[in-house]
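Input: a single structure, listed below in structure tokens.
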Amino acid sequence: MMPDLGEYAVEVTVAYGVSLLALALVCFLYIRRSRSVKRALTDAEARKDA
Amino acid sequence: MIQLFARDIRLAVRSGGGFGLALIFFLIVVVLIPLGLSSDQSALALVAPGVLWLGALLACLLSLDRIFGLDYEDGSLDLLATSPLPLEAVYIAKAAAHWLTTGLPLALAAPVLGVLLNLSFDAGKVMCFSLLLGTPALSLIGAFGATLTLGVKRGGLLLSLLVLPLYVPTLIFGARAVHSASLGQPFDVPLIMVLAISLGAVAILPFASGAALRINLR
Amino acid sequence: MNSTSKSKHLWNLFWKLANPKVFMGWSGRWLPWLSWLTVLLLGSGLIWGFFFTPDDIRQGSTVKIIYLHVPAALMAINGYLLMFIGSLMWLIRRQHVSVLAAKAAAPVGMTMTLIALATGAIWGQPMWGTYWVWDPRLTSFLIMFLFYAGYIALWAAIDDDDTAADLTSVLALVGSVFALLSRYAVLFWNQGLHQGTTVSLTDGTKQENISNVFFLPLLLAMVGFGLLFLTLLLIGTRTELRMRRLKVLEVRERMQ
Amino acid sequence: MLQVSNLSVARGGKILLHDVSFSVEPGQALVLRGANGIGKTSLLRCIAGLQTPTSGKILVPETVAYAAHANGLKGQLSVFENLKFWADIYGGPRPDVALNSYSLENFAYQPAANLSAGQQRRLGLARMLVTGCRLWVLDEPTVSLDVQNVALFYKVLKAHLQGGGAAVLATHIDFQLSAESLDLTSYIASLNMSSSAFEEALE
Amino acid sequence: MIQLFARDIRLAVRSGGGFGLALIFFLIVVVLIPLGLSSDQSALALVAPGVLWLGALLACLLSLDRIFGLDYEDGSLDLLATSPLPLEAVYIAKAAAHWLTTGLPLALAAPVLGVLLNLSFDAGKVMCFSLLLGTPALSLIGAFGATLTLGVKRGGLLLSLLVLPLYVPTLIFGARAVHSASLGQPFDVPLIMVLAISLGAVAILPFASGAALRINLR
Amino acid sequence: MLQVSNLSVARGGKILLHDVSFSVEPGQALVLRGANGIGKTSLLRCIAGLQTPTSGKILVPETVAYAAHANGLKGQLSVFENLKFWADIYGGPRPDVALNSYSLENFAYQPAANLSAGQQRRLGLARMLVTGCRLWVLDEPTVSLDVQNVALFYKVLKAHLQGGGAAVLATHIDFQLSAESLDLTSYIASLNMSSSAFEEALE
């Protein structure tokens, strides 16, 4: 499965690891904040209408 | 005391002056120095320990006047002085909050920034260690300076002037430790000196600062 | 539909999106599709790049880093551009959506900058023998990172939303002028080691000195990164818009 | 509760008030009166322990609650957090009662910076309640307050006095609570009194 | 406008933040940097232009938040805004006063301090000249940054974070001019660039700053 | 001299006052009244041009003299220098008359930082006289002033009105000068007015 990365295996995997981690982190933060704000807003609208 | 510490941290975070700011300032100084130097790369590793220490010191310096200045101006320092909390405790709480929001992040980031200045990873570790031992002294000495210049509105420059000479020993020993490490020489003596300065500051400065605060509020 | 009326249609849509309600509706409709497309393209681009491309003769397997490095660098620059345009539109036409889009773009752009810097640094070790050199392109990227940081920090430091929007926009405009200036200053200061531009996006065709086996997955990754950027931008802008609404409701609630 | 005897108060190297004596018992309030610049603030600062009198003696409880011209609020903290902080520092009661007494409940979670001048003043006064101190030292407490809020302040003060507390306050307005008042005009120091023996010795 | 300028200078002198303070800070930084460096003397002349420029830049930085901060806090900026003086003129007067109390003394002192760093006298002259041309840009950019962070209390660190990246081009060209001069190379191009930045700043920043002030006072 | 029509005033994104209209002619003073936090300061800031109203129109002379809650003094400058600076900025008369009107002559060469709260307030009010402006906008001018100095303020204000000037002021005290007063309570904006269509649009 894993391709042969030769003598630079560490560098390449670290580069992919770090980047994907950063991307995952920023996606996670955006989605989490989006969810919490959305929930807070629907709650607030519900309270207003109630 | 814990409450005051917690309040100061909360205030720092709220006003956007939390953990990140000192760090980025540190980064900027590290970027500016090679830019200001000629494009000669070889000199860089040579100056790295000094530059990193100096950057940490300046990042510390720039936030010093917040430590007491804000409370003095809005009158809450007066109120704190009439509260059951002794002024020495006020000083310690505030210096500790300052260290947590500036010194600690700086120490942790230093090895990474060291890479930008061609510092080896081993020397980077010593850098981190020396900053961990030294930044408490920077915060304590700085907060002490801040008590002296309380009455001077926005006396940032004056404060730096008072504080910088007091920072010299810490800077010299700290930078020397890293420098020795980067040359593969032993670095325990300067590191112990840095620790000694921090401990000495904890032992003496609360009393000096308490007195200075009392004088300034009079 | 001929092409002029099509572009006119897009142009109209663009301005209509400045209305928060239209924006919420439109983005809500497209977001799921966009997300799946992002996963698909980014995933296939990176998998292709990582698993199914040959090594370079000189660079060995490190050439695989290009599928992260170049798209990230590209998106970092685009993010800055977007921030600039959003700020400008806010100052001229005072459309909240544009400035909130600028606000939402900044953290993504900063992450992209960080990825470009990190992958570049990791790449530098085997290629140049050092993690970091003060090469002009690298240096200007670092400076761009600082501009991002300043922009985000200013947003964070100001309580009032409209004041923050105005001030950060002024900063973005003035900052862009100085960013350009810095780029020239840095070029003047130092000649570097970094690769020249070999991929040109203007005509979208491959250039002579990069072969097809590398170029196609790279193109895919670039499109993937672009879509990811767009997705996060939409999510972020929607969050900011909702946040504004939430604040109004909270103030009102407290008053009752 | 508070006993001031033969006090001399100086500010900026100049003696302002001379030979002031008074005492305040639990349940009493004392209103200090006098023209602008007579030395009311300086006297109150002496009582609060922020300034040392040039001569005379002050007997006070260990901690007093002092409200100065400035409110000492943190704009970035919410109204509740501001009060909570002081409650923690003094080990006083929770802020809820204080908030209610000055009808600040609606603002509890707003940053203090967003309050109007009068609202900030009320917050400054509410701080007195969370200190749990029995002696209050108040410097022009009713500044910027509207009529209703002045009435609120009277109510709070009365409750404090009835609970065995005491208060010294300086004010320029007609004080509508039964309280002794002390006119400082008769204590104005003559000009040739100097505040330091050192300066005398130079003659 | 002249009155405001005169008042600001008078205030700076009265509160002890006048001409001397920036100078002494500059001196300390210039002395500290070699201390932080290894004791290698030959490297010193090489880094001197960068160090001097960086010192000037940091000395400038520390007094930036005074420019508008004091007036904002005590309410006089509100009053100035309602006065017949346009806010652009307020900005210019204040930036000019800042330059006179920090930039100018720094430029005049730089050749002398250059001697401490083994800088030749000719290079010192160029140093002075480049600072004379460049410090106006530093003051103008800095005052612009100060208008942005007005509402942020004691935002010294944030202010530096915003301003330092903007200082990059000035620093690069300024230090390069001196560096070239110390190597006996032509230095006119970077010097002209420094001048151009200053002129550009005078042309653009008053409007940006006026707008920022208006926004902050709103 | 001042004409306000259908003005809506907002602060912090919330509309406070709605549809306020009034006008002030030369020789007149208008006293704004209302509870703490009703929006007096915000309204005065609109008139002074420091804030833009959300709707409505304000007709004012080109320059107005504004005195806010804060005095805007420079503590390091002397009382005279403070006034002289503003006189120069506005191109108004020399400070001597202003100093005399508020009996500040004795303090003329003292740094403003050494004044007591009431003395600083007087200096802040004296500033109005050196601006040479005909419209004064005063936010709680009598705060911290003692009875005599309030009388002084009335005298100065009367002279200003008789000279064809005009004034708008917000205050909580009983105003003992014949002046119209406007109670802002009836203009309080209802809660569901939002200051920006943008925030409404999201429902």
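Here the chain labels run A, B, C, D, E and F in written order, and each chain numbers its own residues starting at 1.
Going forward, a residue touches a chain if its C-beta (ideal position, glycine included) is under 8 Å from a C-beta of that chain, and two chains touch if they have at least 3 such contacts.
Please read all numbers here as calculations on a predicted model, not as lab measurements.
Separation of chain A from chain E in touch steps, taking the shortest path, is 2.
When chain centres are defined as mean Cα coordinates, F lies farthest from chain B. Judged by contacting C-beta pairs, the busier of the interfaces B-C and A-C is A-C. Measuring from the averaged C-alpha position of chain E to that of chain F gives a distance of 37 Å. Annotation: 33 Å between the Cα-based centres of chain C and chain E. In this assembly, the C-alpha centroid of chain C lies 57 Å from the C-alpha centroid of chain D.
Averaged C-alpha coordinates put the centre of chain D at 45 Å from the centre of chain E.
Residues of chain F found to touch two or more other chains are 12, 69, 75, 203. For chain E, the set of residues touching two or more other chains reads 15, 152-153, 155, 158, 161, 164-165, 168, 172, 176, 218.
Chain contacts: chain C has residues 143, 146, 149-150, 153, 157, 159-160, 186, 189, 242, 245, 252, 255 touching two or more partner chains.
Residues 12-14, 191-192, 194, 198-199, 201-203 of chain F touch chain C in their complex. Residues 12, 34-37, 41, 69, 114-119, 121-122, 140, 143-149, 172-173 of chain D are the ones that touch chain F when the two sit in their complex.
Chain contact summary for the complex, chain B toward chain D: residues 3-4, 7, 10-11, 14-15, 74-85, 217-218.
Every residue of chain F that touches chain E in the complex is listed here, in rising order: 48-52, 62-66, 68-77, 81, 85-86, 88-91, 127, 131.
The part of chain C that touches chain E in the complex is made up of residues 143, 146-147, 149-150, 153-154, 157-160, 163, 166-167, 170-171, 173-175, 177-179, 181-182, 184-186, 188-189.
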